[in-house]
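The data blocks that follow each hold one structure.
You will see two complexes here that share chain A, one where it goes with chain B and one where it goes with chain C.
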Partner chain A sequence: MMSYDFSVVLRFSDALTLGLVMTLKLTVLSILIGSVIGFAVALARTSSNGVLRFICATYVEFFRGTPVLVQLFWIFFCLPLILGVELSNLVSGVIALSLYMGAVSSETFRAALRTVGPEQHDAAIALGLPSHVEVTYVVLPQALLRAAPPLLSNSVSLFKESALVSAVGLADLMFVGQNISNTTGRPVEVLTIVALIYFVIAFPITRVVTVFERRMLRKLKA
Partner chain B sequence: MGNTMTVAPAQGDGSALLCVKGLRMGYGPVEVLKGMDIEMKPGERVVLIGPSGSGKSTLLRVMMGLEQIQHGQITFGGDPYITADKGKTKIDIGVRKKIGMVFQHYTLFPHLSVLGNLILAPCKVAGESRSSASERARALLERLGLSHRVDAYPAQLSGGQKQRVAIARALMLDPKLMLFDEVTSALDPELVAEVEQVILQLAAQNMPMMIVTHDMWFAKNIASRVIFAAEGRIIEDGPPEQVLGNPREERTREFLERVFHIKT
Partner chain C sequence: MNYTFDLGAVTRNFDVLLQGLSLTLQLTIAANIVGLILGFLLALMLVSRFALVRGPATAFVEFFRCTPALIQIVWFFYCVPMLFNVFIGSITMAVLALGLNLAAFNAEAYRAAIQAVPREHEDAGIALGLSPLQRVLYIILPSAIRASVPVLLTNGIGILQQSALVSIVAVPDLMYEAKTLATETYRPIETFTIVALMYFAISLPVSQLVGWLERRRPA
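Let's look at the complex of A and B:
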């Protein structure tokens, strides 16, 4: 029977930390950029311009309907060929995951915008609020509050999906873990620890989402 | 109080507070308001009654600038502010802001506290300072018996409290005319009185108002004038003693008997 030696992993803690930092950098950037794209696309899909609506809908369906791994490969290998520019691994990764996050979160924002009912619009008009005040102080805060819990869930998913970038050679936590496990020949110890790191970060957030969601819904149910 | 006894065609003379002239409005091809003329004098409290679907809410929404109209004009204090013009509805927002409205279904902003609901428009539209608006809001809430709920959120309020806050929110803008559309219809019976009491208080201060209600007691106590409308037309218009007590029109009589079981 084989004996496990987790102290092996300790020797590579610096490398793992670097990998984790890369994963977090990639994920946080993609979440921020992706959420902005998602909100803009959700608003654009309520526009009266049919062409704009069609373009946005196509984008969303395409990115939701294809494997993230294929999107990653396409952006890493095809996009530089088409654009004729070299993109660093991190930039390519951020572009790919941001576009994916944008498509997913636009659906989240779209649902949240729909819950702001027409009576809120009537009230805004009856109070003489111009439309920019209505959007900023009435629609946006309610949509954001409603979108926050599912958006956090989207973010946790993205954090986990980001491990796919290791397949295109971006030195994230997964990539580093794989390398260490290959060089040490101790996949059980190394990959278990890598899994635990992902879990320790993702799990508390999913718990927060649940609590937050319950509070939020109670507050907004007017 | 000078009540109009008949359905006089509204004249846009300077003494009228509100003047609706030749108002026609439809949702798509279906005409809902089929030519309405109303002239309201300062200080009048008009109660609007009529069967479901007769266009009462629609009339109030039009007066508030919430709907497009196909024909006619509405003036307030002599200034035209809603005008049908070649299929478009022109709205003068400066004039319309003198009118406040409270709806049947609570339309408070759920993400803002009671205070936040009251000061949003004064601060963001009228440019009033936060401290001055808050001070006015607290004084107003005190008068309406809501001082203890200043920091509550709408979801924590009873229906009656919500409607009183909605009234306070409208009053913050110092309206010269208030529109109430069945503001007690969604309330539990025991909460109706507290809201009606607030509106009666406003009446005692001579606030002009137009009220849609199905509450007979309230109508009799608040109205200086009653308009009965059916199918988008004004059928009868006069003092409450006439319209509610001894209607001239057969349709009014029939409606009162059917809905309120009042034998006239």
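Let's look at the complex of A and C:
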């Protein structure tokens, strides 16, 4: 039986911090871009244009129906070939994760948009609001409020999925952790600590989601 | 762009991809069996009135839900043999890692469904003079399990997607074969596109089924 020495991990705290910063940067950027895509796609799916609806539905189903790892590999290896330009690792990672987040969050927004009743749309017409004003001042605020808790859950999922970029060599927390674990030969200590770092960030957010949801349920009932 | 498409590189090696696909499907099904059964037991623990039973189950579920699946798989492959001094075949290990991950998500699905059974149903059971065990077996569980089916199906097909992660620890699943093929033939676009379509072709019917089940369920 070997003995475990968790202090080895401390020696690499700088490297792990750098990895964590990369993970957070990637996650936050992808959440922001992905949510915008998601909202736009959700709106487009309520459009009267059948072709637009079909394209958006295919996009959503495709990104939800294939492994994120395959999407990442596709963006990393195929997009540069097709576009003919070199993309940095970070840019490719953000593109892949944003597209995934867009597909997932569009479903969240779609469910939220459904709760904005048709009478709101009628009221906007009666007030003579142009459609872009209706979207930004009537639909968006209500949809965002309803979508906030599931959107936070989506963000936690994305944070977890971001670990996949380590497979294409982007130096995120997972990548740094695996490297340290390989060079020191102490996977038990290193990988456990890395898992705990992910947990310490993700868990509080899931708690916030639960509290938020409960409070909103009460508010909607009242 | 000066890239000529050549699907031949993929079609000539299609049998390799099919072997990978077969392993991917086996992993998915085996993990689903583990996840459905273990998830149910965990859910029963989660709704227990004893904190001593609830505690470990909650810790298990939260830990698996709040860490990346990738690190769980890597952790299992590197740390389980060292910690417990056992050597388990890589496929069994993959099933175990994916199955435990799925069990945590399924446990939440079952728990939500159990707690959503209206209080009146249980009151009716009491009024009819059913014993506590009969109330659980004949009133709560049948409607809870029926209500949890769409989420269980969604989680189950999610494991098909997550199973691609085992390629990182060199289990020869569909994704692993795809990576090897793309490297050997220098045909990443053709290979990864076809492999993505293969995953999609399996997921799509299941997600359509879930959509249909959710639509026909009385609100």
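Everything below uses one rule, namely that the second predicted complex is superposed on the first by the 205 of 222 C-alpha atoms of A that agree within 3 Å, B and C clash if a C-alpha of one lies under 4 Å from a C-alpha of the other, contacts with A are read in each partner's own complex, and residues count from 1 in each chain.
By definition in this document, contacts are C-beta pairs under 8 Å (C-beta built on N, C-alpha and C of every residue); 3 or more make two chains touch, one makes a residue touch a chain.
Quick caveat, the model's predicted, so the values are computed rather than measured.
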Which of chain B and chain C A:43 touches, first, second, both or neither: neither
Partner with the higher number of touched chain A residues, chain C or chain B: C
Partner chain in contact with A:218 - chain B first, chain C second, else both or neither: first
Touched partner set for A:188, first chain B, second chain C, both or neither: second
Partner chain in contact with A:97 - chain B first, chain C second, else both or neither: neither
First, second, both or neither for A:145, with chain B first and chain C second: first
Contacts of A:199 with chain B and chain C, given as first, second, both or neither: second
First (chain B), second (chain C), both or neither touched by A:31: neither
Touching both chain C and chain B, counted on chain A across the two superposed complexes: none
Footprint of chain C on chain A - complex, ascending: 1-2, 61-62, 64-71, 73-74, 77-78, 81-84, 156, 160-164, 166-167, 174, 177-178, 181, 187-188, 191-192, 194-195, 198-199, 202-203, 206
Partner chain B, residues of chain A touching it in the complex: 119-120, 122-123, 125-130, 133, 137-138, 141-142, 145, 218-222
Partner chain A, residues of chain B touching it in the complex: 61, 64-66, 93, 96-97, 100-101, 103, 105-111, 120-121, 124-125, 153-155, 162, 169-170, 173
Residues of chain C that touch chain A when the two form their complex: 1-3, 62-63, 65-72, 74-75, 78-79, 82-83, 85, 160-165, 167-168, 175, 178-179, 182, 188-189, 192-193, 195-196, 199-200, 203-204, 207
